[in-house]
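The following pair of complexes shares a single chain, subunit A, combined with subunit B in the former and subunit C in the latter.
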Partner chain A sequence: MSLLITTIKKLITISADEEAILTNLFKPLNLKAGEYFLEEGQLCRYVGFIEEGLVRYYMNDDGNQKTLYFNKEGEFVSNYQSFLPRVPSNTSIQAIEDTVLQVINYADMQRMYSDVKEGERLGRLGIEHVFLNSIQQLKSFYKDSPADRYQEFLRCYPDLAQRIPQYYIASYVGIKPQSLSRIRKRLVEPK
Partner chain B sequence: MISVLFSHIEEKVALTKQDREKISTYFVAKKLRKKQYLLQEGDICKNLAFVAKGLLRTYNVDDKGDEHMSVFGWEGWWISDFNSFLSGEKAVFNIDAIESSDLLLISRPDYEALTLDVPVMDRYFRILYQNSLITKERRLMGSITYTAEEKYVKLAESNPQLIKRVPQNLIASYLGIAPETLSRIKKNLLRKR
Partner chain C sequence: MSLLITTIKKLITISADEEAILTNLFKPLNLKAGEYFLEEGQLCRYVGFIEEGLVRYYMNDDGNQKTLYFNKEGEFVSNYQSFLPRVPSNTSIQAIEDTVLQVINYADMQRMYSDVKEGERLGRLGIEHVFLNSIQQLKSFYKDSPADRYQEFLRCYPDLAQRIPQYYIASYVGIKPQSLSRIRKRLVEPK
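After this line comes the complex of A and B, so read on.
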């Protein structure tokens, strides 16, 4: 069974028929490290589920890439602010490892809502999670120091610190790579 | 009071008579006097509140004691510290009544129970979160790209009623500007007409 179906089954109850419907509605998409799930200016056509791999979200800030967020295997990926209202995306989503996804487009998403009994419930739980993440991200940008943001990153993504290049992590925390290594030194040195 | 809630839900999904009967059992009515708190920072936000009548605000207070407005909620709006409500973490916002208000409250466990009991509510809340996500994004982009005057004009166009009902110092705080700046902007706009 795919990780997608396992994950869906943790959220809602589905019949064997519905499992087949879901498996059909999601299509495979493979990205090599460096390739894009979504580029700025394009319409975000899919919600993806990551079976394997890692992506980062970034925005252009006066020519600098500002890393906003990461998603890894077992998580959904999309820019809902483009996908839902059907407007061009202001964010890019790039694979930073070879990434295996299952993706669903807008029309098939509507079919899922009508053809899967608890499809709406899956949608509500999914969007609630996205909504919560967006509030927490925003709160953290305004309130937390870079050292706090780095520790929060380590807490949420303990296994990612080894997989993500340091300059992406620095950009996510909102500081220069040199400042991040200072923070890291301070964290490992006994007080 | 509950009829306001029903008509709001029915703008987005269809309800049967049976649905309405079930829904009404999950909500508790609450009245707030002007300036009374619904939620204080540091508490756990236990309820999601639907505003049947009145006007409330969500805000936080910084280390210097300055208030920062986050959102307004009036007839037909849901108000809550959603992060605290959904995750169980401590609230970072205060919510209080600008006008005396009639609310319908639903607790976290009842919110889950309601969606299981009346599945169409999953669809209703999904649409609500989607719209809110899109609005949030627009406001964030707006706060970066618009001038103070543009922000005020946008707000006045999209919520003319709000501008009339809310004290001007709160509107200024919502827009992230000083009250004096807001009165200057309003004078300028009058002169342009």
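After this line comes the complex of A and C, so read on.
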């Protein structure tokens, strides 16, 4: 059974027929490291589920890339602010490892809502999760100091610190890579 | 028929039995102008629907009240970041007119999901709407200039400019009331 189906079964109850419907509605998409799930200015056409790999979300801010967020295997990936109202995205989503996804488009998502008994429940629980996560990430992005951002990074992504290049971590924290080294040094030194 | 039921019927199809269930799950709550739907530090226990009246959302920032948002008759009101994960709210919601609400608590919301056939769909559509709105409001709160905030206020709340006291509009825009007068003057003067 795919990680996608295992994950869905943790959220809702599905019959064997519905498992087949879901397996059919999601399509495979493979990205090499560096390739894009979504580029700024495009419509976000899919909600994806990461079977293997890692992506980062970033925005351009006066020519600087600011990293907002990461998603890894076992997680859903999308820019709902583009996907739901069908408007161009102001955010890019890029694979930073070779990444294997299952993706569903907008029309097939509506099909899921009508053809899977608890499909609406899956959608409701999914968007509740994304909502809480997005608000917290966005508040932190605008409000928190780099030192707080780094500690938050370690708390949210404890297993990713070794997989993400330092310059992307620095871009998430909102500082230059050399400043990140200083913060890391201060955190390990006794006070 | 209440405005609540009319609004729900625009989103989902309900039977007469389900209309009775919904009418029973929502309870009346009346607030005088100045009273609170939710105070900072409390758990947000309800999702409310405003039959009549007007509320504002605000946060305390170093002793200053910063107004984030307004809701009026025909709209749902809640702090989902407190209501969904059952944690204390960092936002207050205050009636700024005498306000008549219908409110539903967390347990009754779960009952709605199980007892109303399209209840999950209502929940999914509701949270999608709140999600898009909240992200846009939060980005604007942190990023936009006072002049942009004021124009956004007029765009989002064209009918409310006369009902909301100037000092709350100034607090939403993020400036002192006298600065708001200057912005308003500049907007009406020919360039």
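Assume the second predicted complex is superposed on the first by the 189 of 191 C-alpha atoms of A that agree within 3 Å, B and C clash if a C-alpha of one lies under 4 Å from a C-alpha of the other, contacts with A are read in each partner's own complex, and residues count from 1 in each chain.
Note that in this section contacts are C-beta pairs under 8 Å (C-beta built on N, C-alpha and C of every residue); 3 or more make two chains touch, one makes a residue touch a chain.
Just so you know, these numbers come straight off a predicted model, no measurement behind them.
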| item | value |
| --- | --- |
| Combined model on subunit A where subunit B meets subunit C, clash or fit | clash |
| Touching partner for A:Leu84 - first (subunit B), second (subunit C), both, neither | both |
| Partner chain in contact with A:Lys139 - subunit B first, subunit C second, else both or neither | both |
| Which of subunit B and subunit C A:Glu120 touches, first, second, both or neither | both |
| Subunit B and subunit C footprints on subunit A, overlapping residues | 80-81, 84-85, 113, 118, 120-121, 123-124, 127-128, 130-132, 134-136, 138-139, 143 |
| Residue ranges of subunit A in contact with subunit B within the complex | 80-81, 84-85, 90, 113, 118, 120-121, 123-124, 127-128, 130-132, 134-136, 138-139, 143 |
| Subunit A partner contacts - residues on subunit C that touch it in the complex | 80-81, 84-85, 113, 118, 120-121, 123-124, 127-128, 130-132, 134-136, 138-139, 142-143 |
| Footprint of subunit A on subunit B - complex, ascending | 82-83, 86-87, 92, 115, 119-120, 122-123, 125-126, 129-130, 132-134, 136-137, 140-141 |
